[in-house]
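Step one of this worksheet: look at the structure below.
Every chain is named by a letter (A, B, C and D) in the order it is written, and numbering of its residues begins at 1.
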Amino acid sequence: MIWIIISVVLGVVMITMSVISIHHKKITIAILSAGGVSLIASILYLLMAAPDVALTEAAIGSGLTTFIFFYVLNKIKKQKHVKE
Amino acid sequence: MQNIGIEQISLAVGFILLLLGIWGMISQKNILKIIVSFTIFETGINVILVAIGYIRNKTAPILDSPELQTDTAEKIVDPLPQALVLTSIVIGLGVTALLLVYALKMYKQKKTLLINDYKDTKW
Amino acid sequence: MVNPIYIIAVFLGIAFSIGLLRKNTETFAGILSLLTLGFASIVSAQWFYSFVTADIETFQIFTTAFKPPFSINLMMGKDEALFTLMINAIGLFGGLYMFDKLKKAGKNSFIALLMLIMGLNVVVMTRDLFNLFVFLEISSIAVAGLVILTQTTKSISAGFKYMIATGIIAGILLIGIAFIYSYTGTLNIDFILVQNLEATKGISIAVFFIMIAIVLELKPFPANGWGLDVYSSAQSGVGALLSSAYATASIYVLMKLLPLAPENLQFFIATIGIITFVFSNLMALKQDNPKRMLGYSSVAQIGLLTAVIGLSSVIGSYTYFIVISILISHFLAKAGLFWISGIIKQDSIKNWSILRTNKILLVLFGIFIFSLAGLPPFPSFFGKWELVMQLAETKNFIWIFAILIGSFFEIVFMFRWLGYAIKLDMPNNEKIKVKLHQLIPLLFFAATTFIAGYYISSEHKYASLINYLPLAVALGFAFIEFLPAFIKNTLAIAAMAAYYYFNYESYTDIQGVFAAIFIIGGILTLIAGYAYKGKRQGFYPFALMMFAGLIGLVEATTTLEFFFAWELMTIGSYFLILRGKKSIKHALSYMLFSMGGAYLILAGFGMAAIGKSDISLNILSNVELYAPWIFGLLAIGFMTKTASIGLHIWLPGAHAEAEADVSPMVSAILLKAGVFGLIMLFLAMGEQFIGNISFAYILSWVAVITALMGNLMAAFQEDAKKLLAYSSIGALGYVLFGLSLMSHLGWLTAVSFSVTHFMFKALLFLAIGGVVWRVKTKDMYKMGGLIKKMPFSFISVLIGIIVLAGVPPLTGFAGKWLFFQAVVEKQWFLQGAILFFSGIITFLYCFRLIHTIFLGQPKDEHRNIKEAPFWILVPQYLILLVIMLFSMLPNSLLKPIGEMLLPYFPNGAITWDGQMATTALGYWNGKIVMFIVIGIFAVVLAWLLFMNRKAKKVKQFNIGYAAERPFLPETTHFAYNFFAPYQKAVGFLVAPGITNFWQRVDEGVHSVSDKFTKIYNGNGQSYLIHIVAFILVIYLISFGGF
Amino acid sequence: MLRNSLLILLILGLAAIMYNLYAEFTPKEKLGFVAEHYANNGKDEVGAANLVTAVVVTYRGLDTLGEVSILFLTAAIIGFFLKTKSSNNHALPKVKRYSEILGTGAKILVPIIVLLGTYVFINGHLTPGGGFQGGAIIASAFVLMLIALPRPAINHRVLSIIESLSGVSFVIIGLLGIVLAGGFLDNQIIGLGTFGTILSAGTVPIIYILVGLKVGTELTGIIRNLKEIQNEE
């Protein structure tokens, strides 16, 4: 029962974060929230007896992806600077 | 309430994420936001996949303790969807990285991130 | 045999090791990649060869030591062998074609190419759903990578759109796969199929998701903007890969997974396919950019294949044959066209005339266009034929209609393009340079197109019976194009004469008459070809192709042979017409009317074969179902060739603009093909009725109006050749009317008039052609008084118009005499009256023709003009000889024809007594009439000479103008607007209403096309919305609600 | 506004379809027949304690090969995509201010993270984790270096050699499976070893090490490429 409540909470948080990441004006917040969704998803995977997936999601989904996002964003921002 | 398990909640969450992702992709104008939405879409699919393989009250398919090594089929969750998700996540990373590089290059061309500004080929 | 797993292993091994190479080793990496692709091609070719020749068993490839469904397995069967062969071949040749581009982009681009082909290989071979997903992803990512070989804003944004769209599609596919796994416990396709899936909603939706994703991969209308953008912005080499390799693999996936789908979903898939086919071809009409046009065309072709596969439960065992033949054509031709467009590098098809600077490319271009358009002898011709036959057999007429409409649109844009390339003025003096590595793939694919066509036809029960000898001879002339024209002319005449000599005995009855018109007539007109100097490239192969088609018509015993010959004749004559000046428009409209007619014929043949065990032409004589429909379709189809009113607008331009010896070929000979078809049709099916009205009766009115209008329009022409062309329309009206009488006399006139019309029209066109050759203009008011300069031509024209006008003593009169007898006998007096009236008009234009050209004052600029070329005169006098013979001895022509007709129309025949013919209404003796007329003529001539013996000759320029020069000088010429008074009286009849009608149809279709293309607004997001909406709509339709 | 409401309708429609899938889904009580086979025989057939690894590396080895190829392909595409015209220009990037603390921290952390990653993929057949996870972890170590150090000592050439060699070795091991064992990618080229120890499950750990190396170098390569284009301007 407790796991169900936890999973519901996790689910609600994930949905909220994904709404934020889609609708928030600031792109950095959006990227971070998307990473957060991934991270919480990996907790959910743990609950569903999938440690392998959890590890992968944490390392790749929330870690590397977010990182590449920021790298590109950074790059784009710099270009904007160059232009102005 | 008794019939509801983690897998159903996860399944629901997965579907909602997937729909939110599609919503983001078709409603957001910013290319980066579209890509963010795409990652959420992918996460949704992955959650669905794992949920499909889950069986209540069973453990992870890692036979590290001796009691798991007999009658294993009765004791573990389905390892196959998990294997599929691993693949799916890695593919997702590849696609996302490539999309981001596209976005970068597109920005370099036109100095804008609005998808509406890239309508050079049409009709 | 090499285990196919080595294909994958070698691909991956080489791709991985390319990373090991140092910088500046791109060439080495490229050669390595090509070797790999070559290896893969050889392996699959080897398998395919074994499957074809040795009938070996399907080979299962297991990975790991475990059997499926526990591990992934691949399969190599005949289909897999063929499809991987195609994919590897396009990889190899596409790689070769793009070699320099890939090299420039760096060694990583070779990796992308290898990965694309490797992925598609696995996609074809794998039997595991998820494995399919993974390798499909590899391929689509590789495509996205190749799109940006040249980095422009267009290509990058197109790549982005492509990635994001395929991302969504892959996601949908993955959900479907996941739920299928959840329901069946396995991912192996074969094991899923044997489980006989229950039709619970969950399973249905899962299957729906898988199928819809596969369909979306095939880029269905309207959810395909992302694909089109890639086609139009990527390099043409990549377009070729996408169109030929990727689409081929996706089609195979659809074939593989189709059994998963319930029957109604299969039907919807087919519907999506056909809609895609029709609309994409429609939208291609508006395209100016060749690559985008090819993109639309690719999408359309794949749509057609989707439809065929979706209908496989209807089409049955023929599905495979149809799919393979259409696919192979598409595969080879689309790759070829994309490659050529990469060499030309022109963004507008209007600039494609530059293609002419390279003859080889031009020929290849033509081959690919024809192959794509489904014309013989290429594979898709047989595929489309069989498709229509099977759909007709199962009474799916709407499908036939849609397929033919779509194909027709395809013809429009393909042949407009071809016409532009061959005829438009060149923008500048640029020359096309082809590198060898670009040419080799093209040559190889073009050659394969022929081989594939031959192979496909040999697989077909009836196609294998077709006599390819005449076609082969015609194509053979393509290889001796370097010889001077007179050698080729001699060879062509010899070939035709030999063919006739060896075969004439086998032609019976009416066959024999038309064989004579076609072949002997062909030889006669070919003689005029000696007048041409130089090489005359591009003439002989097509002229002979046309004659091959005509011969094939006569010899055909099955509907397929007939249709094959019909198309062949159309191709050949299209090119002959295209050779003329200002011919782009006319040649295109000729092609469109011909193909439209051909499709009607095809549909008619299809319907006639319903319930029959074979497709012999005899089936027409015992049709049970839809007989009026079949008759109507075939009759209209044939009437496009006889240029009946409403379907005639192609003719005047086409015939008038043609070369001196081509005009008689297309006007005097080619039109008879339609007559032959109609005769065959009437003989087989007899009179058909819609309600109470006989088709023959309708036809009689069409014929009458055609005759009247044709002659009227002829009278108002300023252009001598146009006058003759319109006169042909009128004359064919007479023939049609004769047929529609359905009596012995009527048919006797029709058939004998066909022969006579050949003679006088050939004579007139040759004579006028000879005049035009010298005076360099076709406008009659610019000529005059040529009788002294060109007496021989004058005599030809004189005799020609006497026959044409049906004045005694020549053979035309015999025709007219019989004709009105037949009318009276049938008691169609109203029609008869109109015909009589139009006969009077004939006198008008005949008079004008001879008067304005040969009589009156000679023009200043024609002082030093010479007689028409000798070789153009020769056939004229040969024909004159025959005319005289037939006029003296009318029974030499009429009697045998009458005897031929006896079995069909035993009543009302003429009785012959020497040269004296007797009918129910009177008698006539050709010989005596001749002598009487000649006698009268001689007396009058003598009288005139005697009276004019004191006449004084005046110098020509004994006249003067008033001071002012008129605005349009020709308006003062007496021959200009010669029949102005008549024009005032009856001119309203010839107002270009019909031309305007077709013009409006054309504009209407194009504006619809334009409207539809607007959905592709270039916005990647809109494309995503299309995809989502597409899924939703198809779901709602196929599930009937949520 | 109209457009958005139409889009919402579209999503709602899609949601209705998804709801059907959700409502029809009944939680499973037991494994499907393929999964059951894996559960019961995986231990003897493959010898890997981590059944997910057994499935990934052996039963569905071809998928994994494809997966590795996807990353490889992505890296390759990004490679030529970002290849700039002035790639011969070896002008050193401007050295910006780098945090000393970050730099030192990175120097300490990187080996630890690499070690962790290595552990994760070496033990992939026994514990959660494997080539992909380990590779990603190693890549993140390099990412840290790329951010923290002014001129990180990552040799492009070495990276690509490791990447290629591990890829080629993967294929060769797969092919050895045909020659020496049951089929392509079969893991029983060498003995299965003792169940539950490092040296068990035949070639599974070897493959996972190769995958780990390959994934790690590929991901690093992608980021390095991004970084290079960044420095170029």
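By our rule, a contact is a pair of C-beta atoms (placed from the backbone, for glycine too) under 8 Å apart; a residue touches a chain by one contact, two chains touch by 3 or more.
This structure is a prediction, so every number in the text was calculated from the model and none was measured.
K.L.:
Could you quickly compare C-D and B-C and let me know which has more C-beta contacts?
P.N.:
Ranking C-D and B-C by C-beta contacts puts C-D first.
K.L.:
Rounded to the nearest whole Å, what is the centre-to-centre distance of subunit C and subunit D, using the mean of the C-alpha atoms as each centre?
P.N.:
54
K.L.:
Counting in whole Å, what is the centre-to-centre distance of subunit B and subunit C, each centre being its mean C-alpha position?
P.N.:
Averaging C-alpha atoms per chain gives centres 51 Å apart.
K.L.:
How far is the middle of subunit A from the middle of subunit D, if each middle is the mean of its Cα atoms, in Å?
P.N.:
For subunit A versus subunit D, the centre distance works out to 19 Å.
K.L.:
Determine the centre-to-centre distance between subunit A and subunit B, using the mean Cα coordinates as centres, and give it in whole Å.
P.N.:
11
K.L.:
Hey, what residues on subunit A touch two or more of the other chains?
P.N.:
50-53, 56, 60, 64, 68, 72, 75, 79
K.L.:
Touching two or more other chains, which residues of subunit D qualify?
P.N.:
7, 10-11, 14, 21, 25, 28, 31-32, 34-35, 38, 50, 52, 60, 63, 66-67, 70, 73-74, 77, 81, 128, 130, 132, 219, 222, 226, 229
K.L.:
Send over the residues of subunit C in touch with two or more other chains.
P.N.:
As it turns out, subunit C has residues touching two or more other chains at 130, 134, 137, 141, 144-145, 148, 151, 175, 179, 181-182, 187, 1025, 1028.
K.L.:
Name the touching chain pairs, please: which are they?
P.N.:
All chain pairs meeting the touch criterion are A-B, A-D, B-C, B-D, C-D.
K.L.:
Quick one: which bits of subunit D touch subunit C in the complex? Just the residue numbers, please.
P.N.:
7, 10-11, 13-14, 16-17, 20-21, 24-25, 28, 31-35, 37-38, 45, 58-63, 65-67, 69-70, 72-74, 76-77, 79-81, 83, 157, 160-161, 163-165, 167-168, 170-172, 174-175, 177-178, 181-188
K.L.:
Flag every residue of subunit B that touches subunit A in the complex, lowest number first.
P.N.:
Touching subunit A: residues 4-7, 9-10, 12-13, 16-17, 20-21, 23-24, 27-28, 30, 32-33, 35-37, 39-40, 43, 46-47, 50-51, 53-54, 58-62, 76-77, 82, 85-86, 89-90, 92-93, 96-97, 100-101, 103-104, 107-108, 111, 113 of subunit B.
K.L.:
Which residues of subunit B touch subunit C in their complex?
P.N.:
Answer in residue numbers: 18, 22, 25-26, 29, 31, 34-35, 38, 41-42, 45, 48-49, 52, 80-81, 84, 87-88, 91, 94-95, 98-99, 102-103, 105-106, 109-110, 115-116, 118-123.
K.L.:
Which residues of subunit D touch subunit A once you look at their complex with the stated criterion?
P.N.:
That would be residues 50, 52-53, 120, 128-130, 132-133, 136-137, 139-140, 143, 219, 222-223, 226-227, 229-230, 233 of subunit D.
K.L.:
Considering the complex alone, what residue numbers of subunit D touch subunit B?
P.N.:
4, 7-8, 10-11, 14-15, 18-19, 21-22, 25, 27-32, 34-36, 38-40, 42-43, 49-52, 54-56, 60, 63-64, 66-67, 70-71, 73-74, 77-78, 81-82, 126-128, 130, 132, 195-196, 215, 219, 222, 226, 229
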